[in-house]
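Two complexes are shown next, each including chain A; its partner changes from chain B in the first to chain C in the second.
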Partner chain A sequence: MDISRRGFLKLSAGSLGAGLVGGLGFDLTQAHARVRELKIAKAKVTKSICPYCSVSCGILAYSLSDGAMNVKDRIIHIEGNPDDPINRGTLCPKGATLRDFVNAPDRLTKPLYRPAGSSEWKEISWDEAIEKFARWVKDTRDRTFVHKDRAGRIVNRCDSIIWAVGSPLGNEEGWLMVKIGIALGLSARETQATI
Partner chain B sequence: MTNNWVDISNSDLVFVMGGNPAENHPCGFKWAIKAREKRGAKIICIDPRFNRTAAVADIFAQIRPGSDIALLGGLINYVLQNEKYQKEYVKIHTTAPFIVREDFGFKDGLFTGYDPKTKSYDKTTWDYEFDPATGYPKMDPTLKHPRCVLNILKKHYSRYTPEVVSKITGIPKEKFLQIAEGVAKCGAPNKNMTILYALGWTHHSYGTQLIRTACILQLLLGNIGVAGGGINALRGHSNVQGMTDLAGQNKNLPTYIKPPKPEEQTLQQHLKNRTPRKLHPTSMNYWANYPKFFISFLKCMWGEHARPENDFAYDYLYKPEGGYNSWDKFIDDMYKGKIEGMVTVALNFVNNTPNAKKTVRALKNLKWMVVMDPFMIETAQFWKAEGVNPSDIKTEVLVLPTATFLEKEGSMTNSARWIKWKYKAIDPPGEAKDEFWIFGRFFMKLKELYEKEGGAFPEPILHLTWPYQNPYYPTAEEILTEINGYYTRDVDGHKKGERVKLFTALRDDGSTACGGWLYSGVYPPEGNLAKRTDLHDPLGLGTYPNYAWNWPANRRVLYNRASADAKGRPWDPERPLLRWDPEKGRWVGDTPDTAATAPPEKEIGAFIMLPEGRGRLFAAKSYATFKDGPLPEHYEPYESPVENVLHPKVPHNPVAKVYKSDIDLLGTPDKFPYVATTYRLTEHYHFWTKHIYGTSHLAPVMFIEIPEELAKEKGIQNGDMVRVSTARASIKAIALVTKRIKPLQVAGKTVYTVGIPIHWGFEGLVKGAIANFITPNVWDPNSRTPEFKGFLANIEKVRA
Partner chain C sequence: MSTLTTGGTVGLGVRRLSATKEPDTSIKSYPELAILVDISACIGCKACEAACQQWHDLTPPIMTPEEVVRRKIAGYQSHPDLRPDLFMLMRFNEVETSKGFAWLITKYQCMHCREPGCLIACPAPGAVIQYQNGVVDFDHSKCIGCKMCLVGCPFDVPRYDTNNKPWKCNFCIDRVEAGLEPACVKTCPTNCLTFGLKEDMVEKGKKIVEGLKKRGYENATLYDPPGVNGTGYIYVLPHGDHVKDYNLPENPSVDASIGLWKGPLKTIGSIALWGALIGAFLQLILWGPIKVLGGKEEKREEG
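Right after this comes the complex of A and B.
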């Protein structure tokens, strides 16, 4: 704690008067009562929405790092956003434990591949994973594409790839997936909403 | 939701049925409590269990799972017989005066036109009687004609007497009358009831009709379009509304335009079939704009390759065979070995689907599977499921680690159609990636392969518009631009590439592109309105017009024109959602759900999307009807402990989708005497939260809720291990002996119900049985939603 010049003079004068204080041998300034600074005071606040039910509670996510490029931000706290007109700062038991969702120790961190008949996963690179994904989709689509149906009508579709879009996806990445599915001519596109 | 979360606080009566918002939508349900504080509103809760919504309700009635249409039909009957409907509203805002064809009828559980061989209806008779002079349906404004829709309704529901309702539902007659009285009061112009429902209504082989029953009741009471009213689906997942709107389901293209049928070989044929004709001279018939939305979508997909000369690349679109290729159909196809691959993102296929044993066996037939999720889920490890030998499974599986909501930015659409923006806080852990990155890379790789190797009909892929600055990593706002729509060339003072202001700017000449017309307006030239945070509430009704953005056109309450009378005056002046201002010459209040400057004398129908311009009480074929009838009727679940009191010879929905392979078994009450129903807990979200420390601690153990009377009969103590078996399979879990479910007297028989929460599986911090191994493979013919609520089970104590 800083001592202002004025305070220092007062302290010095007092010391002189009492004759003892200045000779205690330690710095009194450390003994001042001090409110510990909240951890979230230094955190970055991000506005988001709870990913669970569709009430869409506004949340504030607090993340911390020193900003250096080799230090990853980490979520240290999540609370309801009082300025969201729907939840007005409240959260349910699921929303209140959202920090554990993001920081869950069993989050997947690497692409995994299970070959036919195997009982083990094997870690693979993203390049290999994307290559396989594209290869599988292309080969199946090319093999099974129906240009015309039995009646000779143009139908341009592929019935043999299921394309299932989950409902925690945001509109944009979900739409991107739908857009690609439609371009591929996939008829078996579905989403959580139905079930 | 027709209305919105905060609007529930404007209600006089909160009618909760087929949902349990106190537990499953807790932060939204606070607005029901607020309605009580603010307006002295009452809360009615009808559920198979005395849940936490029931605990705060003024009236609770325990209902037998699957008997909901009987109760709602009984309420319709009560309202009609006692003339409690809002007469003026019904006359001007509904199809009550329309006259139905003379040959339409209903007898012994079947509407006219049923063919038992094909198990389907010829719907010709389900229609209006047309006036040959005008070409419009005949009407009787006096509502006296015996075949006007109102009188058809009266006749149809006259069978649903309080005695019959009680016999079917198990709710005592006195309790039913108490509910009916409360509900009927909301037929007064200044009394509004809101209906809140969720999967308890959709999970039936007649779920669509169940919701229609509620819509009919609300239309009769004049509660649609008004503040504190409406029919409000409390949707389960954060963006289930968005993914429905944006066509996660193949039966739609984004925002409810349709994929063409094989018989629609040209664009003109498709547009002709899909653009409805007016059924009333003053209806706005907004779907008349279908060609603008459809062609703008084709432009959005294929840009300069979609030209008038090639029907805007119409042939690039898939034409599905036999209608809707939904879960039930492709799981059956997969089971029969007709499907090679599957891509599934943020969704647990195995745990989600009914008769999951069939799903697991079906997955074995895949050549390959790609699963994207933040966690290792059961679906990805189906080859490790109980009773499966991994070496027998030839399916190659890829698991791609994905980002959670905080690790990517973008918008989500809530239950009330609000599109809200969320920002990115952190990067995903390790090598996990968001779906923008994954699908950007995937598509670029796929395109490269098609460019190099050629392949089956590569044009729709090679010509797909991919307008992203970094084609390997599209951004959320770049995609929102496509969804919102933009000009494809300089036109009328607008520059090529400029975002359109609203869907009213869309055209059918190829000068606009739009990836989802209902979302058009979320990202106009002035900026991304999903990001708005203004808390201004000018009507004092919680509409918050400048907070986020509400589809369509930032309209906070759908059908709000119906909140005012023929002269444009609000039915309830204290809740003036919308009114005609003669001085300004326009409608003021919420974004008007009518032509903004058309005076009420023009009598533009309040239901602008419908060709009748009015709320439909009868689903006439001339526009659109349902597979199972123009009016809702009570049918028993496919597995029921009792006969159908109304028509024993046609007990079930005669056109429901029922599968009959060797593994799709149905049980009978002699072997499986108890009714079972699945539900969700407040502490859990589907199958994700069992991976999460906090929620797993709050609700760690899979259990079965058993009425104490049944437990006593079976010698089951609280905490015993029990086995629940159905014709499909059996699961084991801990018994929770409860007072919350009482035995019911149904048609002279004692019926027990057991409750099964669904949140467990063989992955995660806490493990338990997958409930869907025992649920039946029976589906609603319209929505193709499975019958999870109300099936037959047996229960026994497992000896250690």
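Right after this comes the complex of A and C.
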């Protein structure tokens, strides 16, 4: 076989090209296990209670922050608390989506007040709200308090107010709420935590 | 706890990669993991679906009532089908069985076959990974977007985003590696989902099936299809004679044509391709380009 100089150059270029193509086509680099990072690995865990129903499931809220003064915690994930005897780590669909509930842009974080006859809600401070609330409770109770029923028995009750308290209350808070309810003479007392 | 498996190995090893020879050189023995879905205990609350979306940060669009009517799907289902941003879906079906009217619920997501059709069909090296614990995962940086995984999948699972990259349940592999259970298992309020070693799950499933049979469900079965060498999600079906109505294939298996296409045909094809290329090169170098009779002589420099 007689190969000229030109032919030799062509053969060299051809082998180089074939080598490059072969190298691209048959990648022999060792593959290794690749795993997504656990997103709650560096998160701070806060125990809390689901606010929805009377079962009061325990939850773990994972937030990203070191707690410094100038930052605000951001909740990145919420799941059930396995140490809670009520749900032992499980959550219903509403509880499982609590993160979106906490971070919802239209979530109420301040008391709103709509005066009678107005169509606009306006923000008021907590002090103002509590004062208004106390005033209405006192006025309503004074107006509708029943000392004696029709048969003349002393009953000392107020039937025009219903007293319902939320599920995340503990024993002591529940006791306090019942005490206040009895002191006001309310017979329609209910708490979500009665199950 | 079974004594057969050495369940002590933590962490992940790779068992198989797509379009790659056996990559694992580990001498460790890894436990096989599985989730048992006890449909007889499912109340269809869709907490697993919600937890899945929360963990994977998925926000599929909410179906409006008008869309539900237009698509004519049962109102219990949150979406008509899986989406790239919806890794699992609770499917509902109402059928007449031998026991009367029944409401069939299925947890529909990637089944994590031990013989994964997607991995066998995938031509991109390393784009589909099967870990030693049996979990099948996608590596999107290596995916070429050819959609062969859907062709290979006997359960019709992968869904593609706008870049043609497939998305599916990944068994919460990040949680599993860290020693946690997948998000759907953790949240299930009725103990319908349980997570553990595959043989323990099979054993538990068989016990539940026996119990169901005693209670009058003669057709109750454990769904762990042998055609794909078992799956990572195994189901207790109370109405075992209505597998199709549970939206599950009765005898799923990897299509034989895919094995042929990926095996002998691929070798023959590459031999033919490279033979033609090398032949053309040799012809050009040793004898020069073909001269057409009566035509102009071609430039030899362009070889």
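Details
Here is the rule we use: the second predicted complex is superposed on the first by the 99 of 195 C-alpha atoms of A that agree within 3 Å, B and C clash if a C-alpha of one lies under 4 Å from a C-alpha of the other, contacts with A are read in each partner's own complex, and residues count from 1 in each chain.
What we mean here is this: a residue touches a chain if its C-beta (ideal position, glycine included) is under 8 Å from a C-beta of that chain, and two chains touch if they have at least 3 such contacts.
Everything quoted here is computed from the prediction, not taken from an experiment.
Contacts of A:Ala68 after superposition on the shared chain: neither chain B nor chain C is touched. The wider contact with chain A, measured as residues touched, comes from B rather than the other of chain B and chain C.
In the superposition on chain A, A:Glu79 contacts chain C only, with no contact to chain B. Of the two partner chains placed by superposition, only chain C is touched by A:Leu38; chain B is not. In the superposition on chain A, contact is made by A:Tyr52 with chain B only, not with chain C. When the two complexes are overlaid on their common chain A, residue A:Leu169 makes contact with chain B while staying clear of chain C.
After overlaying the two complexes on the shared chain, residue contacts for A:Lys110 are found with chain B alone; chain C is out of touch. Applying the stated contact rule after C-alpha superposition, one finds that A:Leu184 touches chain B and leaves chain C untouched. Looking at chain A, you'll find residues 80, 87, 90-97, 99-100 touch chain B in one structure and chain C in the other. For chain A in complex with chain B, the touching residues are 44, 46-58, 61, 63, 72-75, 80, 83, 85-87, 90-97, 99-102, 104, 106-119, 121, 126, 129-138, 140-145, 147, 149, 151, 153-180, 182-195.
Contact residues on chain A toward chain C in their complex (touch as defined above): 1, 6-7, 10-11, 14, 18, 27, 30-39, 41, 77-80, 87, 89-97, 99-100.
Those residues of chain C that touch chain A in the complex are listed here as 11-14, 17, 20, 23, 45-47, 49-51, 53-55, 125-126, 129, 131, 139, 170, 173-175, 177-178, 180, 183, 186-189, 277-278, 281, 284-286, 300, 303.
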